[in-house]
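There's a structure below that I have some questions on.
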Amino acid sequence: MGIINYAPKILDPIPGGKYVVNLVDYVVNWARANSIWPLTYGTSCCAIEMMSSSMARYDIARFGSEVFRASPRQADLFILAGTITRRMAPAIQMLWEQIPGPKYAIAMGACTISGGPFIYDNYAVVRGAQNLIPVDVFVPGCPPRPEALFHGLLTLREKILKETCRHPWHVGRPKDVSTMDRYREAAKTWAALEEMKDEEMAEARAKFKEEHPDYKSSFKPIRIKKEELPEVPRTPTHKGGLTQSELFAKLHAKFPKVSVHTHSDSPIEEVVAQIPADHPLEVIVDFEDYLPMVEFLKNDPEFKMDFLIDETAIDYDDHFDLVTMLRSMEIGHKLFLCVQLKKDFAIAEEARPTSLLASVPTISNLYPGAEVKEREIYDMFGINFEGHPDQRRIFLDKDFVGYPLRKDFTHPQMIRRPV
Amino acid sequence: MYVPSVTHPIGDFVREWVPKLSAYLPEQLQSQTLDSIVAFLVNAVICIIAVCAVNIGSAPILIYMERKVCAHVQCRLGPMRLGWHGTLQTIADVIKMLFKEVYAPSGADKLMFYLAPLIVLIAPFMVAALIPFDKNLVVSDVSMGIPLIIAVNGFGVLGILLGGWSSNNKYSLLGALRSGAQMISYEISFAMILLFVVMISGSTNLMTITQSQAGTIADWFIFKIPVLGFIGFILFFISSTAEMNRAPFDIAEAEQELTGGYHTEYNGTPFAMFYLAEYIALVTNSALATTCFLGGFHAPCIGVAAVDNYLTMVPGVVWFFAKVFFMIWCYMMVRWTFVRPRVDQLMDFEWKFLLPVNLLLLGAGAAYIVISG
Amino acid sequence: MSATLPPGFRIQRETNTEEFFINMGPQHPSTHGALRLALRMDGETIVELVPHFGYIHRGMEKQAESMSYLQYIAMSDRQDYLTAIQNNLGVVIALEKGMNVGVPEKGEYIRVMLQELGRIASHLVFYGCFGGDLGGQTCLLFGFKEREMIHDILEEVTGSRLTTNFFRPGGSRYDVPDTFLPRVKAFLDHLEGAMRDYERFLSKNIIVLERSVGIGILSKEDAIAYGCSGPVLRASGVEFDVRRANPYSIYDQLDFDIPVFHNGDCYDRYKIRIAEIHESMKILRQCIDKFPKEGAWRSKEKPVRLPVGRYYSEIETAKGLYATYVVAATTGEKPYRIHTRGPSFPHIAALNKMVQGHKISDLVTIMATLDPVIPEIDR
Amino acid sequence: MQENITLVQYFKRYLKRCITGPWSLICGLSVSLKYFLSPWKIVTEQYPENKKTLRMHERYRGRLEMVEDEEGNNHCTACGMCERACPNASINVLPTKNIAGKKVLGRYVYHFASCTQCGLCVEACPFGAIVMSPAFEVATTEPSSLEMILNKKEGQG
């Protein structure tokens, strides 16, 4: 890389040339090690700590690294701050390719070292930046303090200073650690060791048992005393709008089929009356009633539910629950509608995980905010929204197989949680 | 043969010594023409070296200064660890950039891509040759100084346009187009202000302009004409900031919007050239401001002989650079204080505010000259 | 024309000029994280914008299904990481509803004070990013300077600067140290002076006014329809704040105002956050005065087991309405499903409405004033 | 926003902005000048230089560490509470049998690479055998060094 790497070949044969090479080498290395310009790149929490480290309190400028370049072509250092998802991975590789050499990478935080909090049961996160690009320095922490990042920077500096033009910088290779399950590996190694130890110790143990037939350990673990704390009752408060009973009564008058979640046999009115004041009322709506009810709730002057808090779904064995959370801005009450969508079991069992299993009319013409929420449900559960203007996957790639929030979802890269 | 005069002490020295040295040559070779040509060439080389030294030497100092000034505005320390208070930081940066890998993006027009940073560098170098640093210290004392500066300054935009266009990147192109529109617009008010200076000094020669500010502080153009001079100075300050593409008028770079504008795709040495050109332009523009408004190399005499004697003992070049660095500091404070206007607002500002005020200023200046005789 | 449009673009129009498409992100300095915005441009004017999410989608909700409730509190730190402490509360309140435990008075005061500190921290970041995105790097550092002091306090109390993981059902993990109140008091005194400087620096600045007044107007109706909340909604003239509308903790006992502005442009969204910093300072001062000296800081520790049911909580974070929806299908330590409603998601969905006809520089301003946190959208 | 305003109004606004505009800019400059001229307001902490005086807060959660007495004995009983409390299985409590055949701690493996420092393990431990140490200078070039064995000795029992 660069002219300087040819210097030894040309200058070494000349008497005294070695010293010239060494001198140039020293100067260039000194410059490289002390002028590290990072790339402005950050995805999540660690990016904030990276920003903090360049701010007045910690001031990365003391190291000469405050020149955060937005364009990768002018950067030397790639601080991988934040979780790397599979969708982001190609972008990261491209950024790395665009940085001119000599270039270095710091993996900041647990996510970029190993996947961090997202190792197990996760289909979206790349377990460690090493899988994508060669990483020079690892800074553990979640997120690491700015001081820890500086320590990483100094570690990198030490590493750069060791380079010479006789052992020049070269692009490393990424290392595949994506399927590494540290927990199970450690357990496995230990189990093997234990087996050996058991064999070795069998005699000694038997002997010990003979010698001390009623041996009792003197070790008594001391439990930490917990502070004595009082039990405090919770006092739910209700504010704004109609109470749950009123809401239910009014709704029941218009749509007689509504009910609520209950496991007791007592009449629905009593169940509704027993709901604590700060729990919003969640009614089970018939599939046919869903769209008319949402329309009614939005336009009725007594309800005026003009604000869509959220829309989400829950996967059960044979049906999905589609929960629509509504709120009235003016009056202040909330109402959750729960529609049960029967899964379409006419689809062949092999095709079920990859096909849309239920269908429901969209409410995005009533609430424009529902558009993205319905796309999310489509993406995560595979529920079709009839009449949706732009039904695409929202969080996952368009060629992603399966719908992750279904209970039977499997993914080749997903590792089950061991404990 | 016409040999342009080079009026600096070294020039005189060279002209004096070349004939003396040529006396040692064989007689067939001795001629006056040859002497003057050699003297001219030697002078030219010395001048080029001097201009390069001043410009390139000042760039790292300025970058260091900028980093320190911005750090102190922002309640932090800035470079601290390399050398005493980080003094060697920018030198390390420059060395590092020289040894970085250089490549052009795919689809780029390679020739234009590498030519652009050179073109950007030319303009400030040429302006630096015209600035009188001291009574006898001027590389090229041309009589059409101001028109030449205006002409040369317009050259810089070409490099930026070329760089942005040849990068084959939409952000670069947007940045370049913004920069083109901006620099061409602000060129007008820039020229107008210089015209105002020409009007009150009665000359386009920079040395004459400086000399006509001789005397006390009150004779500097910024104070010579009450209020108008100061307004002119502020207008010059604004339009030269825009000319240099410096924040708050750095819409061509606009890191938050265009990730770097026209130099998004540049790396290594070509990027270093853009980077240096920005600071060299800062020096030349500050020098121009000093020459035109702050009395050039004249000491800030206050009219009290006891003090003035001491002030004038300091060589003019020191005063000159003191003023230049004060100007640079002003540019930096402005840069680190203000936010960036939008591209259309920038144009509005030029055409709806700066230009009318400039015209009014020219008229008022003319009226003042006529009235005061 | 429609056949050639990339996915997501909808507007059909006839033009004489050539339209082109620009990608902003996923790595771009002013998209506030890994968000990709596809812009359809006519010169420098934005015709249409399509946001592409998912670059930081980490499958938190899937993961939560195999986690215990306590572990999910730690997970919620990583959603809106600027005010992790507020997310903690959102989850914890939902759990408290399920467990039916209350919080002693001192515990509530600790909660409210940390909430408001978190809110100030987030708004200070907003101040910095707003100035920084407009091109004034100094604002960025000013905003972060005071924020560091909050993080010092948070670190002393909770043990971590960002990912606090502090609240537990029934109170919090620790009691506050004795130095807490004096430190907060000293910080408030300092912040008052600093805010005066910062407002002088930016609020009346003509360039800021030029760039933000009348830019990115979101009407009252649109704001409600898209489900915007928090400062964005209040800047459009809707007086909605969960702290008032459905008071949680002890917000009903405190005296504070809900600032409301009516233009719905970028400048109003800026002003409202500055006003909220002052309101938070007011709340903090009241809390310092009323802080109970005696009493428990936490109710009796119980294992976190929720009975079958669905539990919902909503709180007002610095960005807006943060709601947690917990579904417990079996009584136990693990949820059947947890869903989080982050406030930034609707804001970005409404972005297209705001930027149409504006310049690319305005997009940066609008993005800054929406103050989104992308991991909270993608989860 | 296109407004219909008269020419007089336009000029009034224009002139007003000509006056308030520069004044607002001067206000901004005065703030930055104030900060520039007051070096005592610098808040920077110089990390590698201030190592000697830098102390983390008492509750700061850095790396996980085992509480050991002078002889290096730990209090761990290998109950595995911390293992279950950990959100992402960063702790392996690997039990062994001691010479008396009783289950004791054999190896306490801590995967620092994936630890999120949430502190749930410390909270869950009934015996106070583990703490979060204030160590923060943990950067390394070798990822394998992030797999740590915390106990020096086998567990007591």
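First chain written, first letter: the chains are A, B, C and D, and each begins at residue 1.
By definition in this document, a residue touches a chain if its C-beta (ideal position, glycine included) is under 8 Å from a C-beta of that chain, and two chains touch if they have at least 3 such contacts.
What you see is a predicted model; the values in this text were computed from it and never measured.
Visitor: Out of every possible chain pairing, name the one holding the most C-beta contact pairs.
Guide: Going pair by pair, the biggest contact count turns up for A-C.
Visitor: By CA centroids, point me to the most central chain in this structure.
Guide: Most central by this criterion: C.
Visitor: Where the centres are mean C-alpha positions, what is the separation of chain C from chain D, in Å?
Guide: 21
Visitor: If you average the Cα atoms of chain A and of chain C to get two centres, how far apart are those centres in Å?
Guide: Computed from C-alpha means, the inter-chain centre distance equals 18 Å.
Visitor: Between chain A and chain B, tell me the centre distance in angstrom, where each centre is the average of that chain's C-alpha atoms.
Guide: 51
Visitor: Find every residue in chain D that makes contact with two or more other chains and list them.
Guide: 25, 28, 31-32, 35, 42-44, 46, 87, 116-118
Visitor: Quick check on chain A: which residues sit in contact with 2+ other chains?
Guide: 55-57, 59, 62, 70, 117-118, 120, 142, 145, 417
Visitor: Residues of chain B that touch two or more other chains: which are they?
Guide: 73-77, 80, 255, 259, 336-338
Visitor: Based on which chains are in contact, what kind of graph results: line, ring, star, complete or other?
Guide: The chain contacts form a complete graph, every chain touching every other.
Visitor: Enumerate the contact residues on chain B facing chain D in the complex.
Guide: 69, 72-77, 80, 333-334, 336-338, 353
Visitor: Give the list of chain D residues in touch with chain A in this complex.
Guide: Touching chain A from chain D are residues 42-48, 54, 62-63, 75, 77, 83-84, 86-90, 92, 94, 96-97, 99-102, 106-107, 109, 111-118, 125-128, 136-143, 146-147, 156-157.
Visitor: Provide the residue numbers of chain A that touch chain B in the complex, in ascending order.
Guide: 1-4, 27-28, 30-32, 34-35, 37, 55-57, 59, 61-64, 66-67, 69-71, 73-74, 76, 100-102
Visitor: Spell out the residues on chain A that touch chain C in their complex, using ranges where they run on.
Guide: 40-45, 47-49, 51-52, 55-57, 70, 72, 82-83, 85, 87-88, 91, 95, 117-118, 120-125, 142-143, 145, 226, 229-237, 239-240, 261, 263, 276, 278-280, 282, 306-310, 312, 314-315, 323, 325, 329, 332, 336, 367-369, 371-373, 380, 389-390, 392-397, 404-405, 407, 409, 417
Visitor: Can you list the residues on chain B that touch chain C in the complex?
Guide: Touching chain C: residues 70, 73-76, 170-171, 174, 178, 247-248, 250-251, 254-259, 336-345 of chain B.
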